[in-house]
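Below you'll find the structures, each written out as C-alpha cells.
Next, two complexes with chain A in common: one pairs it with chain B, the other with chain C.
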Partner chain A sequence: MALKKSVLFFILPLTLLMWQVVTTLLNVPEFMFPRPLSVVRALWQMLQNGELYTNTISSLFRVTWGFYIAVVTAVPLGLLIGRQKYLRSVLNPLIQFLRPISPLAWIPMALIWFGIGDKPAIFLIFLSSFFPLVVFTTSSVLNIRTTYLRVAENFGLSGMKFYTRVILPAALPEIITALRITLGTAWLVIVAAEMIAVKSGLGYLIMDARNSLRMDMVVAGMVVIGTVGLILDYMVRLLERMPSVEWSRKRR
Partner chain B sequence: MEQEETLKKVEVNRLKKSYIERRTKKRFLSQCSAYEYCKVLDGLTFSISSGDFVCFIGPSGCGKSTMFRIISGFERPSSGSVQIDGKEVTGPSNKHVCVFQEDGLFPWLTARQNIAMGMEEASSKEALEEIEEYLELVGLSGFGDHYPHELSGGMRRRAEVARALITNPDILFMDEPFGALDFVTRLQMREEMVNVHQMFDMTILFITHDIDEALQLGDRIIMLSQRPAKVAWDIKIDEPHPRDLSTGDLRRLRKEIYYRMGLHVAL
Partner chain C sequence: MNSFKKLKGNRPENLALLLAILWLLVITVLRFTLPGAPLKEARLKIGFLPITCHLLLPVAMERLGFFKKHVLPVKFTSWPDMIESVKGGELDAALILAPIAISMMDQGVPVEIALLGHRNGTGLVVSSKRPISQVREFEGKTVAIPIRYSTQNLALLSLLEKNHVDIHRVKRVELPPPDMPSALASGAIDGYIVGEPYATQARLLEVGKILRNISSIWPGFISSVLIIRKDALKKNQKQMDCLIKGLYLQGQWIEHNRKLAADMGARFFGLSKKLIETVLLSRQVSYKNILPRKEEFQDIGRKMVKYGLLKRVPKIGTYEKWH
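Moving on, here comes the complex of A and B:
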C-alpha cells in the first residue's frame, strides 16, 4: 500500500516532470517525442470530440466478444483434455502446433473468411486467447492433487457433477491466472489487429494519428491503451479474491 | 465350529502387489533398482470381523498405504483377492470411506459444504439439521462456514471425519490420519475415535506409525513386515477403554512390539 501511494503521488509526477523538462531543454522536436503537456492536450481534445470514447468502446467490444467466446470454449475443452488421456493424445499435438503461431499471421485468412469489420478482429482475439487457455486449463487439471480425485471417486461423484464440483473448482485458481495472462495478450493483439484490419478502435486511432504525424495523439492513444489494460487486469484480479478461490494463495 | 460360518467383513487372501520401478534414481529404503520388478505386498492374508477396530503398523515404506488403496478399491492387486461382505472389491464405494493421509477436504468448499458433499441429498431441512449434528459431534459447531484454510490442522481432520461419518459407511479407512497433528490434539482425536467406534457400529481399518496409538485404539493390531510386506504378527487386544499402557499385559505387549519393530533398547 505504501508503495502504491508513493508511485501515485511521487514517482509518477516526477517522471512526467523530468520528461517535460528534458524534452524542452534538449529541444526535441514534437513529432519525434511529444511533450507531456501536448499529450494531455491531445487527450483532452480527443475526449471532447468523442474520438477516444468511440474507439475505446469498439476495441473493448471486439476484445470482450473474442475473449468471451474463447473462454466458454477453451475452458471446458481444457478440462476435458486434462481428464481424458485419449483426447489429450489426439488434440494436444495439434494445439501445441497452432499455439506458437502469432494471431497476426492469421490476418490474411481472417480477412478472407470474415471480410472487413468487427468479425475478423474478434476472430483474431479469439485465436490469441483460445490456444493458451486450452493449454493452461489442461495443465491445471493435470496438477490437481490425487487426493481430491480419490475423495471424489470415494463419494461417487461422476459425470457432470464430477466436473462442476471437483475438477473446475480445483483448477479454478490456475485458470484465473491464465485468464489474466490471456486477457493481457488479447489486449495486445487487438491494437495490432486494428492497425491492419479495421477502420476503428484504439489501434486504428494510433495508425491514423501517425499518418498525419500527430505524435501527441499517438502517445495519447498509448496512454489510453495502458490505462484500459490496467483496468482489465484489475477486474480479473477481483476474481482471485472470491472465497472459493482464495485457498490457493492462502496455502503457502 | 460356528465361527467359521459367520461371514467376515473383510477377507484378504494371498494379496500380492508388484510394479516396475520407473525411478532411475534409487529411493530411500527401496530395495529395487531401476526397471526392476519390485514387490510391495507378498501374499497378505487376513480377515477382519464386522465391527472390529483394526490397527496396522509396520516399518515405513513397507506397503501399508498400498495395501489400503487396494482394499478400498483405488488400485488393483497383482494377484490374490480382496472381498468385502463376500464380494470381490472392484472399485471404491461410498460405503467404504477413506480418510487420507493428506488433507482431503476440498479447499474451495466450507466445512459445512464439505460435509454436505458426503450426502446424497443435502438441501432439505433434515439434511441441514443432520450436518449441524455432525459438526457438533466433532466439536466444530460454529465453524461450519469456515473454509479449510481458516481452520487448524486438528479441526480440518475433525471435519474430514465428520464428512466420512455422515455417509454412514460400513468401513472407515484411515491412513495415518493424525500423523501431522500436535501431541495433545492427537490424543484428543484418539479419544474421539474410541467414542466414534463405540457410537457407530462400523469396521475401522487404521494405519498408524504410533505404536501407542495402535495399542490404545485397536481391538486388534496387525503388524506388517519389511517390504515385501507379509503379516508379521496378528495381535488381539481384549482390554476395555480407557487403556493404561504402563501396566500389565499392555505394557508387556508394548515392549514386545517395540522389540519386534527393531527397537532393541528398552525405551
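Moving on, here comes the complex of A and C:
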C-alpha cells in the first residue's frame, strides 16, 4: 500500500515534471518528443470529440472476442493434451512449432482470409493467446501431484467427472496465472493488429495520428493503452484471490 | 480481499464467470451502437492513402451525392496492407502505385487500370543539415523510398544511373512516408524520394530541402493509379462507371479550385491545411491528362524488368469503356 501511494503522489508527478523540464530546456521539437502538457491537451481533445471512447471500445471488443475464443478452445485442449499421452506426442510438436511465431507474421494471411475490419484483428488476438494458453494448461496438468490422481482413482472417478472434479480444480491456479500473462500479450498485440486495415481502435488512433503528424496524439494514445492495460491486469488479478485459486499459494 | 469474498458469497467462481459473460455482452452491444458502426448496405469500397496523389477521392466525396451514398472510402496506412486487401477481394477499387498494379497483373490478380491519380507531385529531398547538392554525392549514402514497387524507386534508380552513380553503392531503405521527415531530421537517412505532401513537409519543418522535383527527372511522372477489380466491375458496372467518371471530373475541378480542394483534402486526410495548400498552390502537381495510356505503363513495366522487379512485362489491362 505504501508503495502504491508513493508512486501515485511522488514518482508519477516527478516523472512528468522531469519530462516537461528536460524537453523544454533541450528545446526538443514537438515532432520528435511532445511535451506532457500538449499530450494532456490532446487527451482532452480526444475525450471531447468522442474519439477516445469509440476507439477504446473497439479495441476492447476485439481483444475480448479474440481472447475469449482462445480461452474456450485452448483450455479444454490443454487439459486433454495434458492427460492423453498419445495426443501429446501428436499435437505437441505442432503447437511448439507454431507458438514462437509472432501473431504479426500472420498479418498478410489474416488480411487475405478475413478482409478488413474486426475479423482479422480478432484472429490475430486469438493466435497470440491460443498457443501459450494450450502450453501453459498442458504443463499445469502435468504438474498435478500424483497423490490427487491416485485418490481420484481410488474413488473410482472417470470420464467427464474426473476432469471437472480433479483435473480442472488442481490445474486452475496455474491456468489463472496463464490467463493473466496471455491477456497482457493480447493487449500488446491489439495495437499492432489495428495498425492494419481497420478504421477504429487505439492502434488505428496511433497510426492515424502518426500520419497526420500529431506526435502529441501518438503519446496520448500510448497513455490510454497503458492505463487500460493496467486495469485489465488488475481485473484478472482479482481472480487470483478466489479461494479455489488461492489454495495453491497458501500451500507453498 | 475480505470484501471481495463477502461480495461474491462462497462461490466467487460463478460470479466471476457471470461477470465475464456479462462483459462480453456489454462490450459487444457497445461496439455495435457506436457511431459509424459497420454499414449494412452495399457500397463500392475504395482504398486510399492520405497523399495528394489520392486527392480526387476526398474532393469527389465532398462534392458528389453519388459518392456520399454509394462509395465507402477505406483509409490505409501502408501499401502492403492495401495490396493484400485488393488481392483478397475486400476492395472493389483502389488508388495504388502504378508498379504495384503492374505486378498484380503479372500475378494474375484480376485488376485493370482506369485512371491516374495525378501527375508529378513527387520530390527528391535531402537533409538541410548536411546538404547534398549534386546527384553524384549520393554515392555511399542512404536514401529512403516508399516501397520497391514504386515509380519513385524507378525514378531514383534512373536518375542515379544517368549521373553515373553505381546503384549498388547507394543504400535504399523502404520507409512509410510519414516517417521520412523525422528519419531525415535524426540523420538516419541522407535523403528520400516520395510523393507529396511528404516532400514539402520536410521543407516546412525545415529539416530538408527539395533537391529535384520529379518533373525534371521524369516528365509527366505517374505515381498512383486507380485500379478496379474485374469481378466488381462485372457485378456492378453502372456504379463503377459512375465512380470512375466522378473521380475523373474532379481532376478538372481541382485544377481551377486548388485552394478549396486543398481544404477538402486536408480535412479528409487529417493533415495540416497549410501543408496541402502549399503543395497544391506550388503547381508541382497536375490533375490534367489523367486518362491511362498503355504505352506509359509498358514503359514503367520495362523499367521494372530492368531493375529486377519483374521477369517480363505483363499484358497491361486498362478500362476505358466508361467514357
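Some points to look at:
The rule we apply is simple: the second predicted complex is superposed on the first by the 251 of 252 C-alpha atoms of A that agree within 3 Å, B and C clash if a C-alpha of one lies under 4 Å from a C-alpha of the other, contacts with A are read in each partner's own complex, and residues count from 1 in each chain.
Here is the rule we use: a contact is a pair of C-beta atoms (placed from the backbone, for glycine too) under 8 Å apart; a residue touches a chain by one contact, two chains touch by 3 or more.
Predicted model, so just to flag it, every value in this text is computed and none were measured.
Per the definitions stated earlier, placing chain B and chain C onto a shared chain A by superposition produces no clash, and the two fit side by side. Of the two partner chains, chain B is the only one touched by A:151; chain C is not. In the superposed model, A:81 lies in contact with neither chain B nor chain C. By the touch criterion defined above, A:208 lies against chain C but remains apart from chain B after alignment on the C-alpha atoms of chain A. Of the two partner chains placed by superposition, A:134 touches none, neither chain B nor chain C. In the superposed model, A:170 makes contact with chain B only, not with chain C. In the superposition on chain A, A:244 makes contact with both chain B and chain C. Chain A has more of its residues touched by C than by the other of chain B and chain C.
With chain A fitted onto itself, chain B and chain C come no nearer than 9 Å, counting C-alpha atoms only.
Counting contacts by the rule stated earlier, residues 243-244 of chain A appear in both its interface with chain B and its interface with chain C. Of all the residues in chain B, the ones that touch chain A in their complex are 72, 74, 91-94, 96-98, 100, 102-104, 106-109, 117-118, 147-149, 167.
Interface residues of chain A, counted against chain C in their complex, comprise 29, 31-32, 50, 54, 57-58, 60-61, 64-65, 68, 107-108, 111-113, 115-117, 195-197, 199-200, 207-208, 210-213, 238-239, 241-244. Against chain B, in their complex, chain A makes its touches with residues 145, 147-148, 150-151, 153-157, 165-166, 169-170, 172, 243-248, 250-251. For chain C in complex with chain A, the touching residues are 1, 4-5, 8, 10, 12-13, 16, 20, 23-24, 27-28, 30-31, 34-36, 38, 50, 74-78, 80-82, 84-85, 87-90, 178-179, 181-182, 185-186, 201, 205, 269-272.
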